[in-house]
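Two complexes are shown next, each including subunit A; its partner changes from subunit B in the first to subunit C in the second.
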Partner chain A sequence: MPSPRTTELARHRKERMWMWVQLSPVLAVLTVLFGGALVLAVMQSLGFAPWFGVNTFPDFSYFGALWGDWSFWQSLGLTLYYATVSTVIALILGTLLALALVRTFPSKKLYKYLYKLPLMIPYTVGIALAVIMLGNGGMISRIFAFVGLIGDPSEFPQILKTHYGWGIIAVYVWKQTPFVTLTLYAVLLGVGRETEEAAAILGANKRQIFFQVTLPQILPGIVSSTLIIFAFNIGAFEAPFILGGGFPDTLPVVAWRYFNDADYTLQLQGMATVVSIALIASGILYSYLAFYRRYERRIGRN
Partner chain B sequence: MTKVQLKGVRKEFGAFTAISQIDLEIASGELVALLGPSGCGKTTTLRMMAGLEVPTLGQILFDDEDVSEVRVQDRNVGMVFQRYALFPHMTVEKNVMFGLKVRGTPSDEIKRRLEEILDVVQLDQFRHRFPAQLSGGQMQRVAIARTLITNPSVLMMDEPLANLDTKLRGEMRRFIRDLQQRLGITTVFVTHDQVEAMELADRVAVIFNGELAQYDAPDALYQRPNSIEIADFMGASNIFKAQITGGIARTAFGDLQLDQTVCQVRDGSGHVLLRAEAIDLLLSDADADQNLIAGKVTGREFFGATVNYTVDCNGEAITVNEQSRRMVDVGQDVWLTIQPQRIWVIQNPV
Partner chain C sequence: MKKTLISLSVTATLLANTAMAQDADAVAFRDAFLAGTATWEDVQARAAEEGAVNLYYWGGSDPINIWMDRVVTPDLAELGVTLNPVRITGTKDAIDLVLAEMGSGRGLGEGSVDAIWLNGENFATLQRQDALFGSFAGMLPNSGNVEWNEEDPRSLLNLRDFGVETNQAEMPWSGEQYVCATNTNRLASEDVPHTFAELLTYLQENPGKFTYVKPPHYVGNTFVQAAVYAHNPDGTGAEPFQSSIEDMGAEELARLIAPGLEYLKELDPYLLGAQSGNALYAEDNAALDGMFLNGEVDIACKFGLYAVATGLNNGTYPEGAEAFVFPEGNMIKNKNYLAIPANAPNPAATLIMVDYMTSVQAQVTKLQFTGMPPGVDPWTLTDEEVQALTDASPGLIGVTQAELDANTAPDTNASLVDVIEATWLEYIERDSTDSIDVIVARAVENLAQ
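Up next, the complex of A and B:
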């Protein structure tokens, strides 16, 4: 006669089996779409491309050629620079905006609609707007010339197509500030004003309230929203392609150039670039998360 | 020890008037309850005292000094929020030390006062826990400790017991009362429970619809409410229409002799309030000489220590409450009597 304990376990096993069966359609889709593509990309970057008549798998020479070239590291630097600066600016602006939105002020309703506008406008439109507004001979330069701040629109400082990337950063920030705001606004509504009020009554000033009470409570929202926009910024292609300063390009643009080269064997080099981006991005994001998890554990969140 | 005064305080939220006008004086070291139904403006009143809301009109004075312009941070008040508002990312210890830390108190003094206050609220073994790992009563005590460690001149508590279960509520009531008496700190607490208000407070301010309806000691409020609404809110069940002439109240169930030294009345219409526990229930009419009311028991509610009888007296249902030393059966003919000095008359002000 089986003991009750074993029957219990058997039932448990059955339930788990059933759970996996139910999950299998989703898992299949996930594996094929993401896992499959990733495996293929990695294999191709290692010399597996029989459809081009190339099959030297495993062959690390593509990575070697890529990483051995100084311009790759310059491109990486630029990519990280644009991604980081725009993420930080969007985070600061988005946080300020979200903090403002949980307070009451006149015509708040209007602003609550207005700030979401960039979320609904496509990136390409944003890029076009940047060209129209920020270029030499663009709207802003003309206005500056009109009011006499500069003699001629062409004297307007170069914003676009430089390696400072202010045009790229402007587009990212314009598009992503609302996203950060939206996320943090929701988090702030959940947190409520009471802990801030309690802190004020206990004698804390505005700075102390923000850094010691509000910030730790909205940190999960900050981490998840910056994670998302940073990952996007590292991989984004249109803005640096159109608004960037030319060679050295950001890594996604470099990859794009390889893919479009007449010499189609360079596609493998392009794949190596893409895989490099993925490796670096996941490395950074993983450390970021690990760092945050450590902080969370330190303050007792599980 | 601080005296708190509200002078002609009014609060509007946009077009909505939350507090139409309140004048209130809280003596130094006094424990005052703000009592009223939900939405009457208790929290708003408290928040104005703390400086979290700015009165639309009127003044708030601490020790005769207008603090209306003083920032929240500088008022040195203490507030225990209804949902405690503990900092979820800090341990009990850090929560409690917060007020002293932000004020730049030297760390050895912080340490000393932390130990002292953790001892008072008996939270020593929970000092490294986070709020999410505490029970309601423990969170409550953390909130109180976090406030008291800053030595506030006025302590405010918004429905401090509303989120606790019955047994804990009794314990916390005694705890708060003891603490307040020991420290002698001026305390204002909000409640919608009249029993809680009467048990804890030196004086009770009843607020209805954003106005101070009555401000009195608990027994005065209970025995001598100045309106039917207050009597009703304080749990009175026997309120009857009466015609007053020459110190006699004529009611549907007979004439009642009043004691005019207890309640000054004028001739005209009014209501008599007969407290259920002030009425004697007799089985024969020979045992009393005045204010005798004939009736029949129509209902009985047994509460253990006490029992409530509903007695029909000429069409009016009078509730009588007595110690359950005996049981009178439903359907029995009985006589009720009440001493003149126990009858309270409510008349509309002229």
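Up next, the complex of A and C:
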């Protein structure tokens, strides 16, 4: 008769096997589609493209040419600027909205449906809305011209297509605020209001309650939602392409321009751009997460 | 992502199968057809056994899509050919697909693209990669509708596509001319600029009321080419730009294009949006049409002989829009074509499709539905056929055919287009401080790799 320890081990092994079986469909998709594409992207950016008659693998000149150009760093700056500003604004608005939603107020039920509306509408529609409303020749500029504040719709101050990126930021914030709200609202509901009430009874003011009680509790929600929207904002193409201010473009638009050029050799340069975006984005996200984990360990969470 | 997926599948196939596979029957058919030993009945017999013809074309125009579905598809069905119109957002996607499939060893009879609507650099790419079916155009029954005789100077548009010899590997489908339109409600006819100098003067008085499509989009490239022709230091216009970069050399090209680019640099601070930051260029035709319709710009230039009539008809142009002659003597004219790639899966059915597209009947309905000018040459047709085309035309507004003919210029050689485009990006968009000589030399060197 096997000892209890051996049966325990066998059970463990069986459980682990079963876990891998359960994971395998997802893993297969991730490794083949995502991992395969990533490997090929890296190989192409290093000069492997025999189907265009180019094969100089491994060749770092594409990265050299890209990183050696000052416009790449300008584009990177713009990309990070749009991503960061819209993430921060969406986070602040989303937190305020989530905090408001846990309170009771009239017609709350309707409002709970209303704020989710942008989640269901695609980005492209949001971009079209921005063009129709905010563009020179859009609704607002036409109304201004109609009532005689300006002589011509084109005299309306430029909101879209500038390097300040108000149009891009507006679309991202419009779409991502509900996402942050949804995540944080769920966390807030799970946490309940007892700790806040306890703090209030013990004499904490509103400020102290928020920063010392609520915020640490919803921090995991904040980190995960900002992680997702920031990653999206770095890699997104449509909004900066349509609403951006032209050269220097954001990195995804730069990559697209390389791909779309009739000159085939530029596709490798485009791949180098894509790989650079992936490297930078994963670097930032990794340090963000590492930083957060360190904070969590410091406050005693694991 | 799509690109990486395509490449992924390509490499997978590459590893599995490195030798070029071909369908032996299809190869025999091609050789017989190109040698002239196959009759049209043979083509029809083979076409009856082939699958649907995959015609890849830019699907961004509703009138063209409607014409394809309502007219071309039923007409071809009567000829025993099923049409599968594949609408793509950029012609280059089809070229990518052909080259990727050929790279993975799929030869004639085994690819997925039967015909592509294209011209210029995309044709040059297929030719350079040896990815064309062969010199088929002259063998089609309707090839008589097109002028192939080299002695007739008017045949140039059929024999050369952006200065690249077509070798009858593509069939002319439509003809176009680069035409500018203005809104006469905003800009009186007597103030309309007809030369680049007048345009600059006009913009100095009315800053921001003009922009052009951004190169490397071909519509933008064409504006740059027209400016380069008009400022040719030798005064020979388009003439020297017909030879390839190998024949001309970087130094000579730099000398010829420098005044044109200097002019564009001078024009830049007066373009749309330049007063409050940097100049805004339109990304494509649709964006330019929008700016024109909204009154953001007073002048819009694109390929569109009948663009004003069509635009007024479907409301994409503002009331009062009229075409005008600009720039005098340098209104670039070209044709666009249907090409068959070397790995077409259904070559015989495709030949029947292309032959149908070259018929007067198809050209008339195309003109009627889409306003795309005919690709066939009117002097090869009978009087009734010419009359049918005239009746179908939406008509010219603001200019006469004689004015257009008198100010025609040919396109630039495709190998020069790449260099001029790269120079524009560097010198105008990126505000490079290097001299044009240096930029051109660098662009030529990069492209030669």
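Some observations on this one:
One rule holds in what follows: the second predicted complex is superposed on the first by the 262 of 302 C-alpha atoms of A that agree within 3 Å, B and C clash if a C-alpha of one lies under 4 Å from a C-alpha of the other, contacts with A are read in each partner's own complex, and residues count from 1 in each chain.
In this section, a contact is a pair of C-beta atoms (placed from the backbone, for glycine too) under 8 Å apart; a residue touches a chain by one contact, two chains touch by 3 or more.
These numbers come from a predicted model, not from an experiment.
Contacts of A:Gly203 after superposition: subunit B is touched, whereas subunit C is not reached. When the two complexes are overlaid on their common chain A, residue A:Pro25 makes contact with neither subunit B nor subunit C.
Contacts of A:Gly148 after superposition on the shared chain: neither subunit B nor subunit C is touched. Of the two partner chains placed by the overlay, only subunit C lies in contact with A:Gly36; subunit B stays clear of it.
The larger set of touched subunit A residues comes from C, when the choice is between subunit B and subunit C.
Comparing the two interfaces of subunit A, the one with subunit B and the one with subunit C have no residue in common. Listing the residues of subunit C that touch subunit A in their complex gives 1, 3-5, 7-8, 10-11, 14, 90, 92, 99-100, 102-104, 120-122, 125, 129, 208, 214, 216, 273, 276-281, 283, 290-291, 293-296, 418, 429-430, 446-447, 449.
Across the interface of their complex, subunit B is touched by residues 194-195, 197-205, 208, 212-213, 216-217, 299-301 of subunit A. Contact residues of subunit A toward subunit C in the complex are 33, 36-38, 40-41, 44, 49-53, 71, 135-137, 152-154, 157-158, 161-163, 241-242, 245-247, 257, 259-265, 267. Note for the complex: subunit B touches subunit A at residues 50-52, 72-79, 81, 83, 85-91, 98-99, 102-103, 130, 146-147, 150.
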